[in-house]
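Shared between the two complexes below is chain A, which pairs with chain B and chain C, respectively.
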Partner chain A sequence: MSVADLTIAVSEALCAATLEVVVANFSFDVSGGGDFGGFFAAYDGRLILKGGTLQLRDDGTIRLRELDARWDKLDFTLGLRLPEMSLGGGVVDLPGVQVDLPGVKIFSGNPFVAVTVDLAPFVKHELSLVASPLIQYFEPGITPVGSLCQKLHTALGIDDSKQQWRVFCDPQTIDFDLFDFADTVGDLFEQAFTDAIDALIPHGPLHDLIVAAIGSVADLLRTLLDIPDDISEWLSDLFNVSLGVFNLILQFVAGFFGKCVSFFQLDDPYPMIPKTEDLAAVTIPIQHLTATVSDVELVVTADIGAAP
Partner chain B sequence: MAFTGHSDVFAAIDENAINTTIGHLMLQRPSLFNYATLLFTQALSTQFCLPINVPPGGLAPGQPLFTVEAPLPVIGAPRPVGLDWCLQLNNVSVDLHPGNTLTLPPEIGSLGPQQFALHLRACFGLACPGDEVITSTAAVMEAAVAASILGAAAPPPPPPPGSTPSGGGSVQPALTARSAAAQGVQTVPSTNVLCTCLDVFGTGHFEWGTVAGFSGQWLKTRLDSLEVVDVFTNPPSNLEDILECYLRVVLRLGVLPRLIVPMQNLVFDITQMLQNNSPSVGQHVTLVPAPVSADVPNNPAVENDQLKVFFDLQVTAV
Partner chain C sequence: MNEPRNDVVINRVLLTNPVLDSGAIAVRGTVFHVFRESGDHDVTILRGDRVATRFTVAVQPEGAPPQVNLDLAQLEAGGSGSYAVREGGVMSFAVGLGVGRYAVVIGHTGGGGSRTVLDSRGPLPAGDLFAVTLINPGTYRATNLASQARLPITVAMPRQDEPYSPARPTLVRASDDGFDPAAAHILAGQSVVLLAETPARFLVEPVASPHTPSL
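After this line comes the complex of A and B, so read on.
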């Protein structure tokens, strides 16, 4: 077996330091929403990373464990148009007389009520993955870059204008926690929405009667939104399934650690002597890039192409 | 044994890769290996001792073919005149310990541990003026001497050919001051370039060191010995020593200092991201050469036909 022209080996410790840099610089803005018939839901958040450990394994894989994905902000907005409701009123039979009591209408004009709650402090995910190095020869304009990946490249300032060898951390398995809102979050959200609806109900002596008539504002809310008993679970499903935030993040994480953001890249041709004010760069062609992982180090090898 | 058993980062480059890289360097930056007076951009452009190869598509814009140097002064001339000349370094190759591709001359002996051997061919060309030109130039010199004695105005010197170059070659912009100095010296016209080539062998080693005004450690190439082959004089004289001295100075002051950057780049690139982003993580992450120890007895190391370097990660709070 011939010796490669270039050999660069990086210890596990340096890989861990690289992870620290990646984690410190990672942020992912997500926003979206949907109209679910009876109500409208929207989210606007920024995902950040904390912690995590990295382990090189002798089966040629890299294991990332217990990386916390937290939200710098996660504004969740829920809005609905309240249907006009008529309560009470009608003819009341009294001994010897019929009395026509006036009814009460609430939510006249179908007012729109919306509540925005910052859920960031209440939700975090844990990410673990097993990945192996993947080599790509990137050619501008030829190598496809997906729209999500393009967005990420722009955010991270990745230059896609040069031919490069890129080494990715291609995930084989990803374990990412679903959105799981605690009961306190459900309570918080329900309280905020209840207060908003309650503010639209006439206050004064009739208020308690109206509330009694509709059961409770909370009950009304649940009816309107078709929320089951556990509002926290409903919120979780909304994020995980209906709004598709979970899939979006999963797709992003797979892209980030997969074929989107390389953890090592080498320009081809490589500027051995960089360009100066007066002189053009001296470049060498890089060929046959390989990357292998053992339990102690990541080894990248390459050959230098011959001069023409 | 893992590559990083005793350091955080290990990098190695094979001697074949070094020689291939030198080939690219010679092709893309010929001005590092070819030196000549300004006249070689014009009248003497076909008089180089060796053809200067360029990439198939030609040199990059602004990339000079050779470095412009001042004419070789004619010592004692009453007016500053000089001779056109060129020096070309060719067939450059390196052999890392253990030596197996270059046969060193007996004067150098065998290649020692941690050393590299160097071979190159140095071709020197001198534009030798003919008798008629020398005669006419001598007349001008005599007039200058007479003028200095009698206080009369000396006649203008003969216009040297090539004193007003107009394209045809490329002058290294970084050395315009030197070019200006070269233009201040009149050259004695000649289109007869006499060339001689010498095979030069040397040995050297690599070491870490600092560069004034810049932080960090730099990988430097040091020349330990140099020997010119096949210069025989009878009886023995100092001519060979003189040539060796001059070529040694050219290599140590002219060529090798310019090679510290590529080595540094080649090794450090992998951690560029760490270095660029380290302040944002609240720590300053740098790589430093691993200290020499029982585990790392040589750093940089030249062994097994490879140049090897070892680095440790240094993390400090910002």
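After this line comes the complex of A and C, so read on.
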């Protein structure tokens, strides 16, 4: 029989303080890549958060705003499969016979040239989200907890050894800008490939001939990558869509707030009277937890006692 | 996931500017032999005085390719075999990589004996060709050692405002009367093809500028 209602109000200030700890411990290590036929792309980065504000709203949602998403590092590797290049060659027509000149190959070996550019200084985002309170029941040893979540729980004082009701901010909408690399990023890659080709082919007539044959390193990049104009725009699209980094981040953020870090937790059974020297602790089971948000506080209610 | 490595290698011989000799086939100097008679041929590839490899060529009136391209450095590394080429067809002897210099000896084996139809260490027979690809801009001289005729060749860098293709060979005929045309002008990276209208041995060498001491 339910004997009493439990009502706990968590202030916006307390939620904001929790957000500060959460943000300070947020880091997303992400890496991947793909072979796209004519070229290869790979990335290795760590996304971190800074700042941000929390606002409880009277429509029952929690808004996290102006979280500054930055990259601690973002190494982006682009590898090009060089086309077969030859000097000489061509056809000579003679009476009764046509002679094909085989040409002289300029390169041998694995025809890949790869460069890595640290894009971290050139990418900055703002992250905002609107969340609803989500109640989950935590059972030690049964409810899965990832290593990052364990680290965060330690930082936040969340005890993973107890059965608990936990209240998460489950993102309903996440507002995160698509990656939009500045033109300077395209210039950086062009320069990196120019340096790589300069290192491969010493300056001299052969170097000049190869550049004459391909037009320029920028032209070569556009030809091999099949991009019509702006390499920065192409890189942004590659990062966002083809490599799927944008979606990975959204999924991580959703899981981070919706499944990993709870803003409020309540032990079950709840310790009504602590243990003393003479008496054992008095604990009461918690049931039917609800969480509602107003513009000033997060209110958690529960039934205390055994089920009717 | 395999990340690419920068292990592409430049053909370093292209950074040098050696003398090119139809009697010592090397990178950038290719001999083309025209098989005029059908029948079996024995081919011996020499590197210096050493036999690098041997193979046979079946020259057929029809049903065989009109041209076969061989890389002598690859053949030396990879063994022998047999080839077929159409009567009147062409076999090219080139060197793709390395500093090796090779010679080709071809014998026609019909009628129970063997008759040499090509020994590239000597004059190329009429109808055969020697193609050279020149990279460094400047002046070169082609000499037909059989007639002592000389051909000046000028090599210019392509202009930036013009489309450039290295696959534009220039044909020059070599006879007892000399070269025709009497001079050749090409862009760097293109080829001059010397056609022996009479037996000829070709040597193509850079001409030292009066202001540039030769090394």
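What we mean here is this: the second predicted complex is superposed on the first by the 231 of 308 C-alpha atoms of A that agree within 3 Å, B and C clash if a C-alpha of one lies under 4 Å from a C-alpha of the other, contacts with A are read in each partner's own complex, and residues count from 1 in each chain.
Heads up, the rule we're going with is that a contact is a pair of C-beta atoms (placed from the backbone, for glycine too) under 8 Å apart; a residue touches a chain by one contact, two chains touch by 3 or more.
None of the values given here were measured: they were computed from a predicted structure.
Visitor: Contact-wise, after the overlay, does A:Ile273 reach chain B, chain C, both or neither (first, second, both, neither)?
Guide: So A:Ile273 only meets chain B here.
Visitor: Give one of first, second, both or neither to describe whether A:Leu250 is in contact with chain B, with chain C, with both, or with none.
Guide: neither
Visitor: Just to be sure I read the superposition right, which of the two partners does A:Ala213 touch: chain B = first, chain C = second, or both, or neither?
Guide: It touches chain C, and chain B stays clear.
Visitor: Check whether A:Leu148 is in contact with chain B, with chain C, with both or with neither, and answer first, second, both or neither.
Guide: neither
Visitor: On the A-aligned overlay, A:Phe264 touches which partner chain: chain B = first, chain C = second, or both, or neither?
Guide: first
Visitor: Per the contact definition in the header, classify A:Val113: touching chain B only (first), chain C only (second), both, or neither.
Guide: After superposition on chain A, A:Val113 lies in contact with chain C alone.
Visitor: For A:Leu156, select first, second, both or neither according to whether it touches chain B, chain C, the two together, or no partner.
Guide: Once the two structures are laid over each other on A, A:Leu156 reaches no partner at all.
Visitor: If you look only at chain C, which of its residues touch chain A in the complex?
Guide: Going through chain C, the ones touching chain A are 1, 3-11, 14-15, 27-28, 30, 32, 34, 66-67, 69, 71, 88-90, 92, 94, 96-97, 129, 131, 133, 135-137, 157-158, 160, 164-169, 171, 188-191, 193, 195.
Visitor: Contact residues on chain B for chain A in the complex?
Guide: 2-5, 7-14, 16-17, 20-21, 23-29, 55-56, 59-64, 172-174, 261-262, 265-266, 269-271, 273-274, 277-278, 280-283, 285, 305-306, 313, 315
Visitor: Which part of chain A faces chain B closely enough to touch in the complex?
Guide: Chain A reaches chain B through residues 3-11, 13-14, 17-18, 20-21, 24-25, 264, 266, 270-274, 276, 278-284, 294, 296-297, 299-300, 303-308.
Visitor: Can you name the residues of chain A that touch chain C in the complex?
Guide: Interface residues on the chain A side: 32-33, 40, 42, 77, 79, 82, 86-92, 94, 96-114, 196, 200-202, 204-206, 208-209, 212-213.
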